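Two complexes follow with chain A in common, the first pairing it with chain B and the second with chain C.
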Partner chain A sequence: MSAALFEVEDLTLSFAGVRALDGVDFTIDEGELFAVIGPNGAGKSTLFNCISGIYRPESGSIKFGGRQLLGSAPHRIASAGIARTFQNVDVFPAMTVEECLLLARHQHLRSGPVASMVRWGRSAREERAALRKVTEVADRLGLGGLLQSTVGTLPHGIQKRVELARSLCMEPRLLLLDEPVAGMNHEETAEMAATLSEVNSDLGVTMLLVEHDMSMVMGISHRVCVLDFGRRIALDTPANVVRDEAVIDAYLGGAL
Partner chain B sequence: MSVLTSPPAPRDAATPAPRAQGLLTRGRIGVLLWIAAMVVLPLVLRSELWLGIGILTLIVGVGALGMQVITGLAGQISLGHAFFMGIGAYSSAWLGADKGLPWWLWLPAAGLVAATAGALVAPVAVRIRGLYLAVATLALVFIGLYAWETWTSLSGGVNGRPAAPVLFGDQDLSLGIMAGDQVILDAFQAWWYFALAILLVVMLLTHNLKRSRLGRAFMAVRDKDVAAAVVGVPVTQTKTVAFVISSFFAGISGALLVSYMGYFTPSQWHLMLSVDFIAMIVIGGMGTVSGALLGALFVRAMPEVVNHASGFLPFVRKGTSTDGGITGPLLSGFLYGLVIVLILLFEPNGIRALLLRAWRRLPAPLGSSRERRKTS
Partner chain C sequence: MTLFLQLGFQGIALGLVYGLIALGFVIMFKGSHTFNFAHGQFVAIGAYVVLVLLPRMPYVLAFIGAVAITVGLALVVERLLIRGLIGRSVTVVVLATLGISTMLHNAVLMVWGVGSHDSVGPVGAGTTKVGSVVLPNSALATVAVSVVVLAAVAWFFQRTRHGLALRATASSQEAALAQGIDVGRMFALSWALAAFLAVTASIFLASFPRVVSPSIGDLALIAIPAIVIGGMDSLMGAVVGGLVVGLTQVLGSNYLSDIGGGRLHEVLPYVLMLLVLLVRPYGLFGSRSIERV
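Take a look at the complex of A and B:
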């Protein structure tokens, strides 16, 4: 196996005595669709917040393409090529879908204050190119007709799609998805699962997918890491994970 | 591929998005009508009082756009606007009146000096938020007041000082523009057009800014700073830029204001001036170009309308009075507060939103699409 794209080592973080993450380790290869599952409160969202620089872990290391990410500001981590979605959709309700997606092109655009105000030559061309890119991503995700809609007025399922489109507009090398089907019905869940697996295979985006719901993950991920009370209790292919004693005890057992 | 396009997509994915762009959209017609009205108005309006108020509105409109950038777009509540306007005013007076530079140098320079002051304050200002930021920027106003009053060689102390004149060749704008013996524009008309030209430039810059990479970053930081950072927007740097641009416009506005008045004192850069600018964008409509202008018009014109009307209203005296009773200024102060409360309660998007609704009810003019009305 070649050097991993993304490496998490011994990640630990506590909140007021609660160990949200307890020595978590894993690596993700380029192109992989890697899932992290676990019951509510297992530390999945906390893991994401550590990766994207919102929380600072007490110890451990997070490396992306060999570079240490710990201590970097969230916008630098984003520029390094990591995009994410939030468990509770975190879109900008007052913006139109188009503005929201163009916003995600921020780090790919160069216009400074003067160019932004004058909008001439290169800065105008840059905006047009960004608009083309954004339209392409929106079309791909079936949002093409909604570019002028205000995000806040759209239904939850569509907002989740907008958030996914926004992170794809960043052209990330690694995409973190925190419960992308939470609050969705059966049909929407199936659509989203198919979309994610297509984004992974067609666009070659490496994905770290967090899910509460095990069944959705099993069909599409290459490997699964199971967290329980902040600790990694299993890391294997989906087929092996469902047969793992510890997983059945700690997670499936509780759910059944 | 089927799944990717399966959610409701009202239009065929192959056709480009229907951008609502005829040559004449309602928005453009509105802007053209407004410009036409602004060009004609000083030719037909014969009241010097109202011409003066119009010119002041155009000038403070520039400052209101600056307020719109920092508070309306970037969401940072700053009470420091009077301070930055004062900096613009004193820089312009020093460069234009004391050093004799032409207006096309002192005017941009006033903006640049104010922008520099904004950049110096920003490292502290961008790290505090909400009410704390308001209080910190409030402190700036008082530091400024102290500085202007103490630095008498620059400010003339409490007696004030003359401002920089606007000269075209050997003609002073405040005396009107002549060709030989022929008066082409009287002083009011000349100042009106000059202020209008500057305002139009600043309006265009603000309009572009809103739709740019930076404008989107401002709005993202205003609405959700964590999500903004996660999509790659450097939050503190973005706020800093908003401060600098806002201060630049404030500086220009301050310089124009004193140049029009001809003479100015330190006391005019008081907190009340900052509050006026906040009121302008709240009343007019947050985050928009037209909102800033409507707010500027309201705040500038309302006291005069009330004072005028008070001549006809029973129980209301014109002008100030020391023996109690309702006076014009008292009534206008009261109305001012009332309008802000009403706006906040019933139309948080300001007068602009009220007018826009009325405008949409009008029958569609040539070339503009009716689809808009269905979606609104």
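Take a look at the complex of A and C:
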């Protein structure tokens, strides 16, 4: 069996006796754009929080590059190369876009608190390299002109883009996206879908996307995993998932 | 006019010292959501350590030694006594810091007794004449050093990655963790920074009046009205609040000395604080959401 980049095995977690996740399995290959969908309460957010280290599942395993992630603190998981975005944008509203993106370079920098106050030698080189990366990512996501703007004053759609840029500045090996188009209008959704697809193919960033918006997911994902009441009811290409009897019956109803 | 300028300068100098202490409170409050009532004792301990080290070494070394010891103490208190309480109700954390404050205060009394000692200010009692205005050298040194330290702190928060990481932690711990920031280390860093500011303030606070005594710890609590006036979560507000309190005290002690037996200036900062609370509960520079805490 070829080693996948990311492996979730038999993940189970209950809240007050209700199984939020019930033996969920899947693997994600390097470079894949993988989506998890499901109705409200299907366990998508729980899964997300298990991966990012906020919840501790009762059983199962989550492996990243062959290494067990369960039990690691959230910041260690991030440093291991897993970036994430939040469902309700969690940017730093009082910062400028540039500061917000520079922060994502924090874990790649080595100089200590005192050395970083005196811009000299390594600390100066590090800062310059960080700024180059930030500018490059901002340009790619169309934020180049907004670097000096305060994040909190920007429209919601742009803030989501800043959040995506911030996660890309971490140069992650896996990017977790929690409903990246939530609260966006049609135009913004289409733009974000195009951006995600482009980032995935051009930069080769592996993505795990959790999303409500069906058409968006079906349009850009390589494979889709469908959850219902904490169980995996389908795992296939988008074309096959929309035809899947179990998916249509249990979750999509007559909508498709 | 000359008297007013002299008093005004004294007020600014004292206000900057309060500002340094208030800034420490705000940094800890923002960084680890702890209102640390023991902060005044860090100020007192800083002054006493300088006092002990001073006869044995040059001033700068004594200061650095005091910073090292006080920062070390702050880190131990944060890690062993406070870290485990983070996320609990504000009341629990505040009561814990009150307990720690009493313990530290009594430790100071046990080690150094109740008596007062000579000032540990970096400059002597001389004065400098600027035009017709006579300024104490201690006040000049206070203003010069405070301004440099405040500028360095501003630079740290605006331009360095650790400053950014601290701001991120204050803004959203969850989002900071997602950037790979070790939030626990940021709590420690905020306490270390606050303790450094406390020691810096302590050597100058000991110039108004010129003694080191156990009551320095209580004297430092005057930073509380400064923070409330400036806004609990505003670094800028802490400094402005400190200046307001310092000026109020010095000007009040002179111009209002006929009223209330000459003690009115000690009450004025608290009167201002209550007025601000009534009119603008989040302080002059604080963010509005703070009133929901």
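By definition in this document, the second predicted complex is superposed on the first by the 252 of 256 C-alpha atoms of A that agree within 3 Å, B and C clash if a C-alpha of one lies under 4 Å from a C-alpha of the other, contacts with A are read in each partner's own complex, and residues count from 1 in each chain.
The rule we apply is simple: contacts are C-beta pairs under 8 Å (C-beta built on N, C-alpha and C of every residue); 3 or more make two chains touch, one makes a residue touch a chain.
All figures in this text were calculated on a predicted structure; none of them were measured in a lab.
S.K.: Would you mind checking whether chain B and chain C clash or fit side by side on chain A after the superposition?
M.R.: Here the two partners, once superposed via chain A, clash with each other.
S.K.: Which holds for A:Arg140: it touches chain B only (first), chain C only (second), both, or neither?
M.R.: first
S.K.: Touching A:Glu99, do we find chain B (first), chain C (second), both, or neither?
M.R.: both
S.K.: So which one touches more of the residues on chain A, chain B or chain C?
M.R.: Here the partner covering more residues of chain A is B.
S.K.: Applying the touch criterion given at the start, work out whether A:Gln148 contacts chain B, chain C, both or neither, answering first, second, both or neither.
M.R.: First partner only.
S.K.: Thinking of the overlay built on chain A, is A:Glu198 touched by chain B (first), by chain C (second), by both, or by neither?
M.R.: The answer is first: A:Glu198 touches chain B but not chain C.
S.K.: For A:Thr206, is the partner it touches chain B (first), chain C (second), both, or none of the two (neither)?
M.R.: In the superposition, A:Thr206 contacts neither chain B nor chain C.
S.K.: So in the superposed three-chain picture, is A:Leu109 touching just chain B, just chain C, both, or none of them (first/second/both/neither)?
M.R.: In the superposition, A:Leu109 touches chain B and chain C alike.
S.K.: Between chain B (first) and chain C (second), which, if any, makes contact with A:Thr189: first, second, both or neither?
M.R.: Neither partner.
S.K.: Give the stretch of chain B that clashes with chain C in the superposition, choosing among 8-16, 26-34, 116-124 or 368-376.
M.R.: For chain B, the listed stretch overlapping chain C after superposition is 116-124.
S.K.: Starting from the residues of chain A touching chain B, keep only those that also touch chain C in the other complex, and list them.
M.R.: The answer is residues 52-54, 73-75, 78-79, 83-84, 86, 90-95, 99, 102-107, 109, 111-113, 116-117, 127, 166-167, 170 of chain A.
S.K.: Along chain C, where are the residues that touch chain A in the complex?
M.R.: Checking each residue of chain C against chain A gives 152, 155-156, 160-162, 164-165, 167-168, 171-172, 174-183, 189.
S.K.: Mind listing the chain A positions that touch chain B in their complex?
M.R.: Per the stated touch rule, the residues are 52-54, 73-75, 78-79, 83-84, 86, 90-95, 98-99, 102-107, 109, 111-113, 115-119, 123, 126-127, 135, 139-148, 157-158, 161, 166-167, 170, 191, 194-195, 198.
S.K.: Would you mind writing out the residues of chain A in touch with chain C in their complex?
M.R.: Counting only chain A, the residues touching chain C are 52-54, 73-76, 78-79, 83-84, 86, 90-95, 99, 102-107, 109, 111-113, 116-117, 127, 130, 166-167, 170.
S.K.: State the interface residues of chain B toward chain A in the complex, per the touch definition above.
M.R.: Against chain A, chain B makes touches at 1, 3-11, 13, 16-17, 20, 205-206, 208-209, 211-217, 219-220, 223-224, 226-235, 241, 244-245.
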